[in-house]
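Below are two complexes that have chain A in common, paired first with chain B and then with chain C.
What follows is the complex of A and B.
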């Protein structure tokens, strides 16, 4: 980015967005909110949103809707089927289905955030049920209490297998989880010492997994005195987690990561800009909902510099277009293709999770994105609101090529098309005026650089 | 180059002699794309490393056979390769009979063997030992990146595809990095835009527009898309004009090495290619399976360098093959061998000092039934990094100072 965040007043940035002539509340800004806080909005959702205030829409996105229970029930039937196969890739397809269909998309988006934050790979865990249980843990606390989440992750079987708790014994403490808990999950590098790592590892000795359940083994637990962050005591694992969570760096560390996930990829914001959010997060005792409400309802979030300032992840790339057009497809194929583009669900590349931002983009992944769209559009399982793209367009009165292009651009793109690009796409749509031509327009639009950002 | 719209072959550019500091000194008066190319040329060697991993634990003793050693035949009553069958390398060892391609490479001065490679306190788990080879660290140490990943972080890289993993297995940990993302592609097909020529042209035209200059994400994506379309077009052209009778085995390995040869021929800026051949875990019924693997490996590597010779690129390319461990000296009761320790590694290409380097570990003085290593694998890595890729000091990458095995001709 040619400009940084220094010119932005933090108080202004995080105050509630109030539409005005320069920054009006319209379908484009509503679509921005839905893309970031979920996986895009369909035409009807945009119609409704512009008749509400932005804060009302944020509130709706952030609270579980009434129909989530029914959805969870049917989704539970699907996952039972996936788990019966023991195949983690089936589980990935199930999650993809949730992202496409859940009436509570922010919950899925935050689940994805936590999956990347507390990154655990099935490559090592190799157990679909444990990966599912961890996924549900992230989902249950998606917008809840970060403190509880960390406590539960620290006892989560998939995590403890991934980070070698099996070998964390009194005589030979394994530092893996202790280190990552501080470095990647709560504090950030440089905010603890090597001695803290060693001492924290001692607190976790005897935290084992037996028959897929957490178990405390007192015989392997080091009950001696430890010194953590300069404090001495016979800390238990739970007490040690509390000590870590009470460090002053925690709120800022999490807020920074959420900023990158929800607001902008780059450049890294100065602490000063994040200060008001970090303070709120601390005052609210690490509760996430209020923090997200403020972030997603802020002036900065709706400002022009933030719209279009993120590279779409493979999942955002694939799911947003389909969700916006109420499309269904073969979710197994879709999740495998996202894997080829660098984001295989349940298989993050390492404990640091996916880097995101520019790292998603290179020759191979860009060609892969284009080919993914080609494959989805030619797959017989792909349907748009139960039929063809032409049918949906007709239903919305968008059967003329100009109307189609503008409508698709509104649903899918965060940045405007130039007039020449728009006219070229209109020409493609006009060529035949049929399903094939309309799909070609969609293919080209999703392959354009403009669709790769959001 | 990416933004210029003018096709300049980076290699032609290097050969033109304009590269390097003389042009850099003109900073400000040369077009941006030339400046970038010059910076690339000044910062990078032209050399390419292809790592071909032999997964499962290759039986080194039946690959480079000590056909004069009675102890070998004593330990291998069923599996020993008869002295009359081996393709003799010297008075001590010879290739397995299936490795005709390797023997021809050696004859042409393009193959080196380093004997007795391993590491202290060998681990006999596939996963753990492979991780040690990939990361240079043991389980007790933090390991979240690989040796090649750390190398990529330490030298300026082209923005496009500094390294490429070709295969459908999980990306090797060796390529993991905190900063550099290495794509994995299963096949040439995946690097091809699957679109009708008219659609492709339309897309190229759309992407070429609006090339406003700023450093924003959109501009980054746009220039990346232009580069991707161009690279994919180059590859499509090459694939069309390619002589398919290349002598490669008709296996995924053969196809992948052929793909890499095409990519090198297409002048991709990629410096590191990684691929794997699996199946070396020969606990039972070893003879036929092992022979087939060795034949495939030899044939593919030979065909690969034949193609590179035709292209005129062979001198820039070095292929390195290793396995996570060798196998037990004593064969087992199932006509197979179990997990072992030290084993030979292979380097192929005109840049090697051909022949056998280092002594065959003793078949008498064993470590719990396994060959003892005398050359730490990081000494081989040090040679690859310093003597081939031109890294001044491999110590930060290898987490320690390792003396390079003198297996490569000194860089020119």
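What follows is the complex of A and C.
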């Protein structure tokens, strides 16, 4: 997974992917796109995708589908149940259900990205409704206007409670949110001074959370003159956020994080490689849709050096296989198991979010991943397209063990299986040729090193 | 399915003849007369009669009419079973209900023998021809199957005192006159044949405890069972059950008295009956007041005199419980009832409660101030138009009792209630949770002290509220009666002229569940139940809705469920499931 990004021409990298003999548009590359820009694709989606151009598929992934409204309404009933219990763990199960079933998976993937970016933990917020509202905020702006998103996050009750800014008085400006806004959310370390932190915190005085709502308290607002990034003025909180967002480092900072999330975990790419994307993001006034369209439809994204270069997060690990096989299961259990693997939704470890990349994998989490698969496959609630894995395989004409293994590999794996491993899996499937044997093949495939990357 | 249905015609004839000519359970101990004295568990039934009642039962008809039933019948394993049954029918030239009727017209018994640790199935057929024919048919199938799998003949034959005995796998079978047996132990089979051939008098039927148990049997029992508790205790079977100790206070309160009886009772018996109107299960055992040690007197009262009050049934009641438990005695004698760990926890609770109750001893002064007759009601809640409606609608509950010194205790309890609400408000405020508002209502001699959650000021009027809005803690008084409820409406209903259902004399505990409020409660929460099934059981919305609707539909077949613990000459735990009338 180690590449020298310096050797790559940025113009080539971000130009539209045009299939050729060396890099053809096929089911494997379509599966790569669906895995990165969502949570995998089923066999039928891959069939359709290869009959379209890559750009058409990217366009479809980026635009909300027609049936998203009906899905949102149905999902509303589920979240009402989760909120009625006040249990954030049930809310996590609801979100996992969305990831499994949403007709707009990129929206969920971006919501997950923003959840890690603007990390807020229910451990401290301890309120399911506030966590839900924040989650919806991320979803509403998932592929939209970053500027607006930052403004709304700055007033988000869950965020302000998490960063001790629910009460921000002029006598004691709280610097937490001011610091993280610049360091973690928009600019990155080294792009602001300690004085900027203090001055920005003054701008946020009087911003409060009362009865779970944002409120501006003019009596606690420091109306005096502030100096921020060398500019002087009686800046309000909103004006201060605008000043932060107008800094030249913002586009590059966000593009770098999106690159790590969608393209490759490591090594860190040079600024030069990201420059074209950062410029586009700036020119488009921090609109995300165009940026993502270019990133996900680029030559670099579909190149061999990128396919299989990311470690699957626990959520990717669990959801991708189920979604690719149109499986349903006990999502409450699934989300708890992801928690045990280090990615409990709504409970990021700290304000920096999950480290990701190689940090997902160690001997304990590898064993945990195997346990997760075993538990899911043995749970009576787990069904594949409403029945058994054998039924699904039969429907696709993959009941022979060789065909089953190749079909699962195509759906689930970003890197090819060695012939030895392939034959071992075929032998397991052949041993009994029944549901149990087929599930064993799936279990073994999901515990292979090849499945840990995407 | 067609075969099953077509079989019901001749079946009706056979059964009508049978029910006219034989009692529900054949002969008073005729089958027991062939079993050895060492029999420890005995279950006797008339399969033909039970089957006839089941097949003709209105509830079964309702189930058969459900589309899900037809889907379930298409199950491959059931299809295979039906094919096998059809094969037997063809070979025997008789329908399976007719076969069951003729094979078990003299009764059927399943028993466990203590001496050999073996089980035995013993039956009496209508004549001496049908059993050998069926045996030969089944054995020929076993042989055929073995041949198909290229395995050796699975049937071994021998003779015991002139009677042909055969063994297939681990099962020994013998047919003699109208009788037949199947057992997993040769010695047990031989013992039965010895009794039969020698006309031995020392049998289960002659055992005192068995005779006592069978004399207490109700006349219209379809299935009857007996257990030799003396033997089971000596053998160390289910030692925990006979130890007389409960694991925790809740189990002790529910079953402590029953465990006390099981320490001494020589036998226990069970009987089950089914009619169009109800299904009844009765578990009984002898009881003597001398068996009850002092620490357990809280359960039955001195000399088994404890009597539960009537079952209250205010509007919307889905569960009503009335019980005799002297909780003061229970609390004070906890040291003798529980292990050290539980006692440590109870001591901590006692200390905390004594502080909460202003230094009054919780066991003696507080629990002792209330009579030992307790009533608990759970009822469906209806929310007024001006009230916030919780997304999950829980039923309300109320616990009622009688104060021994009402004048003194009313004031004391009211003050403690107010302190508790204040304490809860402080904790809730620290957690950003809604606050409770205290209120009082007086209506003649009826007095309610209540606390309601204040609706959030900026929440839209039609927005659903969290689960805690199901609760409006209420303490109510009227005369000597006291009620602690989760809703003022229910508290008021309990204190006003509340309808009730009398319980028979000797009732220690009565429980009643009504179908309709329960069904309505499930219907109220249908959306939430569907959501739960989607998230926790991987169901699609359509599947989950179908499942909930099936439960609601099945509930329509039921009217009410009752449970009673009755003491007198015997201690009996009685369960009764009442069925709803025929649908139009």
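To be clear about the criterion, the second predicted complex is superposed on the first by the 450 of 454 C-alpha atoms of A that agree within 3 Å, B and C clash if a C-alpha of one lies under 4 Å from a C-alpha of the other, contacts with A are read in each partner's own complex, and residues count from 1 in each chain.
Quick note on the criterion: a residue touches a chain if its C-beta (ideal position, glycine included) is under 8 Å from a C-beta of that chain, and two chains touch if they have at least 3 such contacts.
Every value quoted in this text rests on a predicted model; they were computed, and no experiment measured them.
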Item to check | Superposed partners chain B and chain C on chain A - clash or fit | outcome: fit
Checklist entry - What is the value, to the nearest 10 degrees, of the angle subtended at the Cα centroid of chain A by the Cα centroids of chain B and chain C? => result 70
Checklist entry - Now for A:364: first (chain B), second (chain C), both, or neither, which partner does it touch? => result first
Checklist entry - For A:84, is the partner it touches chain B (first), chain C (second), both, or none of the two (neither)? => result second
Checklist entry - Of chain B and chain C, which one touches more residues of chain A? => result B
Checklist entry - Is A:70 in contact with chain B, with chain C, with both, or with neither (first, second, both, neither)? => result neither
Checklist entry - Between chain B (first) and chain C (second), which, if any, makes contact with A:450: first, second, both or neither? => result first
Checklist entry - Shortest C-alpha to C-alpha distance from chain B to chain C once the two structures are superposed, in angstrom? => result 5
Checklist entry - Okay, in this complex, where on chain B does chain A touch? => result 139-140, 142, 144-145, 160-161, 164, 170-171, 176, 178, 181, 183-186, 190-195, 199, 202-203, 205-207, 209-210, 214-218, 220-222, 224-225, 227-228, 231-232
Item to check | Footprint of chain B on chain A - complex, ascending | outcome: 1-2, 123, 164, 167, 174-176, 179, 265-266, 308-311, 340, 342, 347, 349-352, 355, 358-359, 361-368, 370-371, 374-375, 415, 418, 420-421, 424-425, 428, 440, 443-444, 447-450, 452-453
Item to check | In the complex, chain C residues that touch chain A | outcome: 390-392, 431-432, 456-458, 464, 466-467, 527-528, 530-532, 534-541
Checklist entry - Hey, which residues of chain A end up touching chain C in the complex? => result 74, 77-78, 80-86, 90, 93-94, 97, 126-127, 211-213, 328-333, 379, 381-383, 386
